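The following blocks contain the structures, represented as structure tokens.
One chain, chain A, appears in both complexes that follow, with chain B as partner in the first and chain C in the second.
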Partner chain A sequence: MENLEQIRDRLLARFPGAEVTLINNPGPSAQHSLLLGLAQAREIALFLRDDPALRLDYCSNATGIDWPAKEFTDVVRTPVKDAAGATLRILEEKTKRVTPGFLEVVYHLYSMEKKHGPVVIRLRTGNRTDQVTVPSLTPVWRSCDFQEREIFDLYGVNFEGHHDLRRILMWDGFKDHPMRKDYVAPDDYEWEPTPHGAVLEKAKAHYPAPPPATVP
Partner chain B sequence: MTPEAPITDNEREELRRQGIMLTSLQEIYNWGRSNSVWPLQFGLACCAIEMIATATARFDIARFGAEVFRPSPRQADLMIVSGTVTKKMAPQVIRLWNQMPEPKYCIAMGACAISGGPFKQGYNVLKGIDRFIPVDIYIPGCPPRPEALLNGLIELQKKIRGEKLTGPNAARHLRPDGPGERLVPEFGEHDLNPPHDPEVWQAPSLPRKT
Partner chain C sequence: MTDPEIASPSAFPEPSVLATHSAATVRPVHDEFHGDLLEVSMGPQHPSTHGVFRMVVTLDGEVIVKLKPVFGYLHRNHEKLGENTTYLGSMPYTDRLDYLCSMTNNWAYALAVEKLAGQPVPERAEYVRVILAEMTRLVNHMCLVGFLFNDLGTSFTPLLYAFREREKFIDLFESLSGSRMMCNFQRFGGCRANPSPEWLGAVSKLVDGFPKFLDEYEQLLTGNEILLARTQGVGCLSPELAVQAGITGPMLRASGVGYDIRKADGYGIYPRFDFRVPIGAHGDTYDRYMMRILEMRESVKILQQALRDIPAGPVMDPKSRLRNFRPKPGEAYGRIEGPKGEIGFYLISDGSPNPLRYRVRAPSFVNLTVIEDMCLGRTVADSVVILGSVDIVLGEVDR
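Let's turn to the complex of A and B:
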């Protein structure tokens, strides 16, 4: 199978104006992926499925990732020098920047016919609140049906073009998305004999320590 | 039929050895009931596989008269809650319990049915079926071995044999205030509504040691 750079270049040549970005995975698994723009994602997916060299006819897995807004602190160090050129002190200038959060959907594609894969493709939403719509790839790969419903249920990504987008694990009246990082589970804490960690914090809130015994 | 038998159990055993059968209505009624406990046939998770194994020839729950797994709650005496009760499943389980006729008993089988087990800190698992249903026997284990389920059944039989027919300590199904439908929770926006039945379960209020 051609590598991801070649696939990306072929996609860019085939779909002029499409956004296809190669995202490198720095980890030891080195599963690099292609980030697709939302506008042409459906056409690109169809191309990946039907292209005679690739024939990625099987989507084995679709999953979601929540990327909350992240705050970074950039430190710029400028040495202050005197007339002779010796360093007097170093000025530190700190600037904070916040990268906006977004939700991501990841598809793992294989080819049953050519016996190769996986090719990993990603779709990103605009933010985590109101621009959470991505095109559904269920019309391309039928196996995405339940998994996209699960992502819709647990992450709150809206799949445009999905034929039956309902919650699949939680009930219909449920309002939250439990796999999001900022989800707070209902507080039904129960006494535990040896609480520790986060459970200890809950225990302190529910069962405050008794007042110290007064020694006569 | 008196709450306190006029002769002691030892005297009765002695009479039986001499060929004189002496019994009370309470004893024979409970003896019959305890040896034909019919469980409701339903499984929720991996504990159900152990429950099926208990019904097979190697462990043979028929030795205790409990082999007739009924597919209808209206014919069942015992509900074995065998596995994880998710919050989505909980109203259905409680509805089945409400459809069972008295006298009825409940066995919470395995860590999940007792307390939520490994999913206790999660968001979608009921932290113990005893929050909605009065549980008679708790069987720990993940999942419990078939022997443990049989032991739980034997303990339940002991409990049934010890039940009184009259008096203030009478069995639940004979008291006018005893039977009744348990509350079926509704699906709320964030959790079950209510999250537990206050008549059945209250959070333990144990002080935390410093």
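Let's turn to the complex of A and C:
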């Protein structure tokens, strides 16, 4: 199989104006991936499936990843000098920089016909709140059907063009997306006769403190 | 019956050729002889659904015109648990995915972590892994055949013989790993314990006697009139649809697609063994049954070769770290051919002791995609058999 750079170059030649970026994997597995722009993702996926040299007819795994917003602190150190040139003190200037969070969908593609793979493709949403729509690849590979429903359920990625986008693992009335990093489990307290540790703290929040007379 | 609502116009351009979805091939007839459609909810507590699984079946007379699987009753967010614990801490949890095949689950997870960390595995451990995985395949397939016959109405006789034989295998699992089903045996860079020559001798004896049991089992079952009448031509799955829907394992090969990850990826030391991949011709339930029987015979061959060739030596790489294990940032997807299909683990590391993302690609979950396509036009009684031949374990579907 041709390597990922060749595939990217072929895609860029075939789809002028498409966004295809190579994402490097620094780990020892060296499974690099292609980040596709949302506008032409489905056409590119169809090309990957039907291209006679690639024939990636089997989408093995589709999954979501949550990348919350990350905060970095940049420190710029400028020495303050006197007239003679000796350093008096070092002025530290700290600036905070926030990279916005996003949700990502990853597909692992193999070829059953040519017996090669994997080719990893990724789609990214604009943010984690209102721009969470990506094109569904279920029309291209039906194996994404349940897996995209699972991503919709657990991550809240909206797949446009999916024929049956409903919750699959959580129940229908459920509101949140439990696989997100900032998900807080509901405070479902159950009474225990001898609470201790974290359960005791929870128990205190659920019951009023005992009257002072009963405390020895 | 109303058609599903037409999708709103998409902001993304529609390509010219798209795969078709499960369009019902059987249309309800509304005339004076046919009444209304009947919706039956099979499950979640139903003996034929192999666990807490529900099928919402719409019937026209006795013919299924629509079937929607409903699951998630056993969902415990396994992946979130995996993100909140260390790499090693997830290993016992993988036993609980497909609780009949904990050894292959362990191996798939260990393989993914070894890819992520670039961890080599000693020679003897590779052999031990193959031996345990093929033993697991035997256990899974004979249990599946037993359960399939239960769905056909043979009240427990084939299952009893399967369980009698399975008991011998899981006794050996217990003597090696300490647990009959929740083995928790593989580690990153090897296995937890080095099997003794006596243990290997016991496996050898059991494996050599297995074809005799299999002949007996087949004599009882394969030519059985009930099996032939109830499974031949039932629940046909075309090879095109099987590939398109990502079906793996014996179910894919029953449809005539020769794709086995042991051959395609050649992970571990599988290229060293001489074995064949059985392929079906019709993709019906009977072929799916026969696939299991033929695969058991091939597994016996692999086991005999592995037991003959296994070298002496350590089973754990001396440089492997289990405690305070922090792989370098990166990601890896590792997969093996489990008894039910491709079981894969996708891991992302950010250099901390916990994985940033821990994903399980469960074969039963994806294999359920086509359950509606196989059941359309058949009766409810057939849907039970078809579901039985898919081979699902709900611990893995719901995760």
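As a convention for this text, the second predicted complex is superposed on the first by the 173 of 216 C-alpha atoms of A that agree within 3 Å, B and C clash if a C-alpha of one lies under 4 Å from a C-alpha of the other, contacts with A are read in each partner's own complex, and residues count from 1 in each chain.
Everything below uses one rule, namely that a residue touches a chain if its C-beta (ideal position, glycine included) is under 8 Å from a C-beta of that chain, and two chains touch if they have at least 3 such contacts.
Just so we're clear, the structure is a prediction, and the values are computed from it rather than from any experiment.
In the superposed pair of complexes, A:D188 makes contact with chain B only, with no contact to chain C. Applying the stated contact rule after C-alpha superposition, one finds that A:Q31 touches chain C and leaves chain B untouched.
With both structures placed on the common chain, the touch criterion links A:K115 to chain C but leaves chain B unconnected. Look at A:C59: by the touch rule set out above, it reaches chain C but stays clear of chain B.
Contact with both chain B and chain C is seen for A:P178 once the two complexes are overlaid on the shared chain. Once the two complexes are overlaid on the shared chain, A:M170 sits against chain B and chain C alike. By the touch criterion stated above, A:V140 is placed in contact with chain C alone, chain B being left untouched. In the superposed pair of complexes, A:V199 makes contact with chain B only, with no contact to chain C.
Contacts of A:V106 after superposition on the shared chain: chain C is touched, whereas chain B is not. Once both structures are placed on chain A, chain A residues 169-171, 178 are touched by chain B and, in the other complex, by chain C.
Of all residues in chain B, only 87-88, 115, 121-124, 127, 187-191, 195-196, 203-210 touch chain A in the complex they form. On the chain A side of its complex with chain C, the touching residues are 25-29, 31, 38-43, 46, 50, 57-61, 63, 65, 106, 108, 110, 112, 115, 118, 120, 133, 135, 138-147, 154, 160-161, 163-164, 167-171, 178-179.
Residue ranges of chain A in contact with chain B, taken from their complex: 169-176, 178, 183, 185-186, 188, 190-191, 198-199, 203-204, 206-210, 212. Contact residues of chain C toward chain A in the complex are 4, 7, 10-15, 17-19, 21, 71-72, 75, 77, 79-80, 115-118, 241, 243-248, 257, 259, 263-264, 327-333, 335, 342, 344, 346, 348-349, 356-357, 359, 361, 365-366, 368-369, 398-399.
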